[in-house]
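Structures are listed in the sections that come next.
Both complexes shown next keep chain A, but they swap its partner, so chain B is in the first and chain C is in the second.
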Partner chain A sequence: MSNVTRNRLTGADSTTGELVSQVVLGTSVLAFVAAWLLLLQWVDETATLAGVPALQLLGGAVVLIGAGLTFVGVGSRLGYLDATPSSTAGVPVGFVFGLLWAILGGIAATLVLGDALSLWLPVATVFGVGGFLGSVLPREDVGSTVPLGTILALFGASVAFGGIDANWTWSPSWSAAVFPGSELVPVAVVFATLLGAWGGAKAKLGFGAEGRQAGAYYLVGSVVFAMLGVLALLVAFIVTNGLETVLTGTSLTGGHLTLPFVGLQVPWAEFPFLLNQTGGLFVEIPGVLPAVIGTLWLVFGAVLFAVPLGVGAAVFLTEYAERGRFTQVVEVATNGLWSTPSIVFGLFGLAFLVPRISGGNSIFVGQLVLGFMLLPLVLITCREAILAVPDKHRDASAALGVTKWQTIRSVVLPAAMPGTITGIILGVGRIAGETAPLLLVFGGSPYPSSSPNVIGSFEFGIEPPFVTNEALLSPASALPYQLYSTITAGVFPKEVFTNTEFGWGTALVLLLVVVGLYAIGVGSRLYFRRKLHHE
Partner chain B sequence: MTQILQQTRDAPSRLRAYAAGRLVATRQRARDYRSRTTDGAIAMHALVFASVVATFLLFLAGSEWTVLPVIAFVATFAVGWSRYQAEAAKALTFLTTVATVSILSLIIAFLLVRSEPIVRHMGLDVLTRIEQPLWTSNQGGVYALTPMMAGTAVTTVIATLVAAPIGIAGAVFVSEIAPRRVREVVKPGIELMAGIPSITYGFIGLTIVNQYFYVEFGTPTIGTYFAAGLMIGIMALPTVVTVSEDALNAVPESVKSGALAMGSTKWQTTKSVTIPAGLSGVSAGVLLGVGRALGETMAATVMLTHTKGFPSPVFDVFSNYGETLTTVIAFEGGNASGIHMSALFAGGVVLFVTVMLLSVTSQYVEWRMYQKLGGER
Partner chain C sequence: MSETEATHEPDQRVTTIGETSERVREEWTDYHFSGDAKLSIEDLDVYYGDEQALQGVSLDIPDESVTALIGPSGCGKSTFLRCLNRMNDRIKAARVDGSVTLEGTDVYGDGVNLVELRKRIGMVFQEPNPFPKSIRDNISYGPRKHGDLDTGLLARLLGRDDTGAERELVERALRRAALYDEVENRLDDNALGLSGGQQQRLCIARCLAVDPEVILMDEPASALDPIATAKIEDLIEELAEDYAVVVVTHNMQQAARISDQTAVFLTGGELVEYGDTDQIFENPQSQRVEDYVTGKFG
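Up next, the complex of A and B:
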C-alpha cells in the first residue's frame, strides 16, 4: 500500500493524527536537544523555566510524547484516524520494546522485592515477554505505539511528579558509583526521545512501509547528528582551550628579523609558543619548538625508511610476482602489520633495535619504529594505486617493444603516483600523532631546553661505523610525547602556564599538524578522483 | 570415517608426491632464471643477497662491523644498477617484499623470545592466576596478566557497545540515506576524526570525562573503566563507519535497483537487501573497530588509575581498579627489567595474538562477502 495516495475525502480524519504526530516529533527533538544541554552542563540542572525545574519539564515532555503516541495508535486502530498500518510491527521492534519492558519490570521488582537476582530476574523476564508479545501480536499501529507510549508516560510521570529530581540518587549494590538523578534523567531522556521521534515519525506517515521508512530515517539521522555533534565538540573544545596558550605573547610586529647581508633589523611576527624552547633558564614563555622539530625528524626518517620499502614491495607484488602462496603470505603479513597495536611495535623496537643501535631511547630508533608502522599503509595504498592503472597502458607500452622494467618505471609508477602520495600523507598523519611506541624507544626529558641538532652533528671517523650522529642517537621530544609528559609530569616549571594550559596548547598544535595532514590527504584524494572521472 | 582413515594412510605418499612436484618446479624455475639472466646479473644478484644476509646477521649479533656489508650492498647495487637496471630493480623489489614479511616475523620472534622467561618462572599462572598477590616484585616476582586481561575485556566491551550501533547507523546514513551534498561533507569529516591522535582523546578524557564522572557519579577514583571505555568507543567510531560504509557501497547498484523496482521503499531496500548483502563487510568493520579498541593505548594510559585487581563484581565498571594490557606496557615499560619486563612482553604476546585473530577473521569475512557478491575484485 506504500504508493497509494491518501484521499482526503475518506471517512477517517487524517489531519488530527498528523498534527498529534507532529507535536510528538517536535517535542522529541526539543527534549533531545535540551537533555544534551543538561548533560554537557551548558544548562544547570537546577535551572527553571517559568518556575518549573528543568528535569520536571523534561519529564512532562516525555509524558506528552508517550500520551501522544498512544493516542495516535489507539485512534488509528479504532478507525478514527487515517493510517495504512501493516499487520504487525515486526520482530525487531518487538525485541526493542521487550527489552524496555524487561528493564521496567526489573526496576519495579528491585524496588518492591529487593535486589536479589532470583527475585528480579523472573519478573523482568515476564515483563520482557509481555512487552514483546504486546508489540508483535497487535496490528502495527497499536503494536508500535502503545507499549512504547505506556513506558514513556510511566517514566516521564515518575520524573515529573514522582519525585525523581536532581537530588535523587541511585546507589546499586554492585557498583562503587552513585548515580544521581541530575545525570541519569537526561541520559534516559536522550534515549526516550530517540524512541519517541522514531514512533512519532512512523505515526506521522500513517505507519506501513512509508511510516517505517520515516521512523528509521529519523532514528538514524538523530544518532548520526548526535555523533557528529560530539565529535565536533571535541575539536571545538581543544581549539577554545588551547588558543589562548598558543597565542600567548604573539604579536605581528613584536619580533625582529635580521635581514641577511644587510644587517638591518625589521619588525617581524612573534610567535613564542611555536618558536621557544620548552625548558631552560632564560625562556620567558615556554614553547614547543623542540617537540615540533622532533616530530619533523621522526616523520622525515619514517617516510625515508617506509616509502622505498613499501613502494618496492607493491611493485613486486603487482608486477613481478605470480598470484599464489607467496603473495597471499605477504598480504596476510601486511594486514597483520597494519592491525598490530602500536605499543607492540614499541616493545619490538625496545627488544630488537634499542640494544643494537643506541643502547637507549633515541630519535633513530623512533624513526625506524614509526617507519615499521607506516610501511603497511604505504604498501596497501601503493598496491591499490598500481592495480588501478589500466592494463591498456601496460600493453601499449609493451607493444612499443619496451622492457618490463622500463614500462614500470615510465608508465605504471607515474600513473600510480597520486594515489600513493595520498596514502603516504594519510599515513604520515597517523604516525605523527602516535605516542605509545615513543614512550618505550624515543622520549627524553619532559621539558627539553634545546632542539635536536641532527644536521650539525654528523661526525666521520676511521673506526667503524665510520659515520656517527650523536643527536640521532639521543632521546628527544615530539608533539604527542610532549603532551603525554606534560600530562604526567608534576608541576610545570614556569609560572606563565599551568600544566593543563600548556597541555591544551600542545594538543592544539598537534591537532593542527595531524588534521592538516589528513585534510591535505583527503583533499588530494578527492581531487585526483574527480580528475580521473572527468577524463 | 573410512574415508578419513584412507586419507591419513595416503598422507605420506601424497606428501612425497607434493614435495617431488615442488622440487621439479623449483628446478625448472632455476633453469629458466639461468637461461634468461646474463652471468653478470647473476653475480650481482648473488652479491646483493649475500651482503643483505650478512648485514642482517651482523646486525642481529650487534656488531659494529655491520657497516661493511652495507657498503658492499650499496657498491654492488650501484654497479648493478648502471649495467643491469632491470635485473637490479627486480632484485630490489623482491628484497623489499621479503623485508616486509620478515619485519612481522621478527616482531613475533622477539615477542616470544622475550616473554619466555616469565613463562618459565610462573608457568601458566601468568594467564590464570586470580589470587593476590597479582603483580609484585616480592616473593621472587609474581606477575599475573589476568587483571589486565579482564580490564582489556571490560573496556573493549564498553567501547564496542558504543562504537558498533552508532558506527553502523553512521554507515547506513552516509551510504544510503544522506543526500549527495551531505555525504560529501560528512564522509571526509568522519575520516578527519579518525586522524585525531589518541593522546588528544586521552587528554580530553583526563581533564573532562574523568572529572565529570568523579564529581557527578562519586566514583571512588578519578578514572574508571567506564570513562576510558566510553572514550575508546568514540575513538573507534570512525573506523567502524568507514569500513562498514565501504561494505554497504560495495553492494552492487543493480541489486538495490531490483528491490526498488519491485515497489519497496528505500528503507525496505536498505533493511532487507543492502544490509543483509553487506552484512559480512559491516561485521568486518566492527571487528576492525574492536581491534582498534583492544590495541588502543594512550587514551587508556592517561585515563586509568593503574591499580591492578578485580573489582567485585567483575562487571563493576566504576571501581577504583583500572589497568589494561596496553596501559601496563606503556606505563611500566620504560623502567622495567628482568622478569618484570618479560611479563610485559607476555602481555604484548596476548595482545598481538588477539588482534591478529580479529584481523584474520575480519579479512576472511570480507573475502567471503566479495566472493558472494561476485564483486569487482
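Up next, the complex of A and C:
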C-alpha cells in the first residue's frame, strides 16, 4: 500500500517545538482566565501590572500566542522541528479560520473604506476565501497554525500597541449600541485563547492524529471548565449576597430550649432567620420559617400525588398495555406535558381547581398543580427504568409460576427503583423552585406571621366530606413566591433588612432547601442501587 | 431466544446434501421404556405467525431420567421445551396445537392453573438469570410468592413467621444443587456477585425450591466454562435420581455423557429419531441422524 505514510515510532528528539508549544498553551490558559476575570469585573480594566494596563497585557499575550504558533508551524514545515502532520488541516478548520479572516477583512474594510455593504462585503468574502484556502491547501502544520497565528498576532498587536484600550469604543452605524473596548477586548481574548490553546496543544504533540486528539481535549476541557466556572460563580454569588442576612442574629448559646417535662430552660443555638416568623408584632428579626414550611408541604403533597400515579401509569404502559398506537400517543402526550409552561398549569388550577376545591388560593390546590407538573417526568423516567429491566428476570419469575403482578411488585419495580428516584429528584428540584403557578393558585400574604399548621388542622366529622383541613385549604407562603414578592413590589414590613437583603437571604435558603431535597433523593438512590448490585 | 431460533430460515444447504428424500418413519420415534410416561406429547404443532416451528411431534418422557433434545440451531428443540410448561404463552405470536399431558392431565386443557403447572414443571435457562437479590431471597422467592413461606413483617410480629422453615429450605435447595458449601457464609450477599457457574447452580436451586416434578433445562451449560460445565453435568445426573430432567443441548458429547434417552430434531421442526442414547449415537436408524451425530453436518 503505497499511499500509507510511515512516521517514526519514537517521539521527536528536538524539544524546541515542544517548548514553544508549551509556552503557547500556558499563555493561552493564563490569558483565558485573566479575560474571564476582567469580564466578570473581578479585576478592574484600569488595573496595571508593572505599569502596563491589563488590556495591553492581554494584547501582548495574544501576540505571543500568535507568534509562537506561526513559529512552530513554519519550523515544522521547513523541517527544523519534528512533527507528524497530516496532509491537510481539514475543511472544518478551514471554515473557522475562513470566518475569522472574513471578519478581519470586513472590519478592516469598514474602517478604511466606510461601512456600506457594497464596500465591505466583497473584501470580507475575498479575505474569507483566502483564509479558507490558506488553511485547507497547505500541509496540516502550516494550515492549522499560520492563518490563525497571523490573525491573533494582528489582533493582539492592535490591542497592545494600536490604541485599542478601555476607553476605545466601537459604534457601528447599523446599530444604536456602543461597544466599549473594556468589554470587547476580553470577549475577543476568550475566543482567541481558546483557539490558541487548541493550536498549541496540537503543535505540542506534533500534529497528526495525536495532535488533533490533544487539541480537541484542550478545547473541550476549557469550554467545560468555563461553564463549570460560571455555575460556581452563580452559587458563590448567591451565598456571598445572602449569607449575611441568613446569619443575622445567630448565636450558639443565645437562644433557649425549654426541656420537655422538666420545664427547665437551657441555652441553645439561635437561628432567627431560619426559625422566626416573617410578619407579626413581636418578631424582632423576621425569618423565613413559614415559607420553608410552605415549600416543604407543597413538595410533599406533589410527590405524594404524582409518584403513585406516575409509577402506576408507567407499569400499565410497559407491562400490561400492548405496544401500539395507544402507547405511542400517551408517550408523545406525556413528553408534551413535561414541556408545557408552568403558568399554563397555574391557569388551569386557577380556573378549574380553585373554584371547585377551596374557593380561593390554597396549599392543597398548589400541591395538586405542582403534582400535575411532576407527573409526566415521573412517568417518563419510571417507564424508561422499567423497560431497562432485562426480560430474563421476568422469564425466571414466570418459570417459577409467579404471577405477573407479583413479578412486577417483587422484581421489576425494585430493579427500576434507582431510575425512578432519579426522575423524582429532577422533578422535585424543578417544582420546589416553581413560582408562576403559585402566584395564581397558592400564595397569600408573602410575609405571614404564622406557619401553616397542616397536621394539627385535620378535623373529622360524621357528614361528608368527613375530613376537613382548614390549613390545607388556606393560602400560605413559599420560598420562591416570597422571593418574587420581595424583589418586585414587596414593601418589607421590618426595618432590620432592606428588600434586597431579605431577598438574597430567601434565595440562599431556597437553594439550601433544594440541595437538601436532592441530598435525600441521591441518598435513597444509592441505597437502592447498593441493594441491587454487589458493591 | 427460541423466538429467533424458530423463525430462523431453514438452512437450505442442509437439505441439499443428499438426505432430502428420506422420510421420517414412525418406528424411529417409537421408544419403549418400563413404567409410565411422566410427560407425553401428542402431535404437537407450533406456529410463530405463519412460520411452522414444530411439525407433529409425539414422544413420551419417562420419570427419573435425563432426556436430551439435540439438533442443529433452529430445529425447534427450545420451542418444544418451552411448550412443556407453557412458557410459549408469553410470546404473543406463538400458536400451539396438539396435546401435552402431565401424568394424565392435559396442560393445554381448559382451566389449567399456570401457577401450579409451572410449580410442577420447573425451568432453567441458557443464561444464568438470578434476581438482583440476596442468595437467600433468590431461593425463597418462589415459595414466598406462592404463600408457602410467610416471613413478612406482620407474620413476624404475630410470631407466626416461617423463618426457621425458610432457613431449612434454603439450605436443602442449595445442598441439592451442590452450591451450599461455596456460599454458606454469604447467603445475604447479592447473587450477582457469584461466578457464572455458581449463578447457574443457584438458578437450579431456585427451581428445586418450589419442589417440581419435571425440570426443563435450555442449554444450561452453554454459557459456562468447562469446569463449571462439568459441575452442572454431574448435578444433572444426580437430579435424575428424583426428577424427570429434560435437557436441550447442541453439544452432542454432552448429550451422550449425561442422558438416558435422546430425541433428535432436525431442520424444519421434525422429531426424526427418539431412543436410547447409546443406540442413537452408535446405531442410528435414520441416515440424516447418522450424518448429524457423526458430524457430517449441523
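One rule holds for everything that comes next: the second predicted complex is superposed on the first by the 440 of 535 C-alpha atoms of A that agree within 3 Å, B and C clash if a C-alpha of one lies under 4 Å from a C-alpha of the other, contacts with A are read in each partner's own complex, and residues count from 1 in each chain.
In this section, contacts are C-beta pairs under 8 Å (C-beta built on N, C-alpha and C of every residue); 3 or more make two chains touch, one makes a residue touch a chain.
Since the structure is predicted, the reported quantities are computational estimates derived from the model, not experimental observations.
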On the A-aligned overlay, A:Val129 touches which partner chain: chain B = first, chain C = second, or both, or neither? neither
Examine A:Thr403 and indicate which partner it touches, taking first as chain B and second as chain C; both and neither are also allowed. both
Have a look at where A:His393 lands relative to chain B and chain C in the superposition and call it first, second, both or neither. second
With the two structures laid over each other on chain A, which partner does A:Ala415 touch: chain B (first), chain C (second), both, or neither? second
Looking at the overlay, what does A:Leu119 touch: chain B (first), chain C (second), both, or neither? neither
Classify the contacts of A:Leu194 with the two partner chains as first (chain B alone), second (chain C alone), both, or neither. neither
Using the superposition described at the top, determine whether chain B or chain C touches more residues of chain A. B
Name the contact category of A:Ser182: first (chain B only), second (chain C only), both, or neither. first
Chain B and chain C contact sites that coincide on chain A, given as residue numbers: 403, 406
Touching residues of chain C toward chain A in the complex: what are they? 85, 87, 90, 114-119, 122-123, 125, 127, 129-133, 141-142, 145-146, 189-190, 192-193, 203, 206-207, 210
Help me check something: in the complex, which residues belonging to chain A touch chain B? 2-3, 174-180, 182-183, 209-210, 212-213, 216-217, 219-221, 223-224, 227-228, 230-231, 234-235, 237-238, 308-313, 315-317, 319-321, 329-330, 332-348, 350-352, 355-356, 372, 375-376, 379, 403-406, 408-409, 426, 429-430, 432-436, 439-440, 443, 464-467, 480, 483-484, 487-488, 500, 503-504, 507, 510-511, 514-515, 517-519, 522-523, 526
Report the residues of chain A in contact with chain C in the complex, numbered from low to high. 390, 392-393, 395-403, 406, 410-411, 414-415, 531-534
Can you list the residues on chain B that touch chain A in the complex? 59-60, 62, 64-68, 85-86, 89-90, 92-97, 99-101, 103-107, 110-111, 113-114, 165-166, 169-170, 172-174, 177, 186, 188-204, 206-208, 213, 216-220, 224, 234, 237, 263-268, 270-271, 288, 291, 294-298, 301-302, 311, 313, 315-320, 326, 329-330, 333-334, 344-345, 348, 351-352, 355-356, 358-360, 363
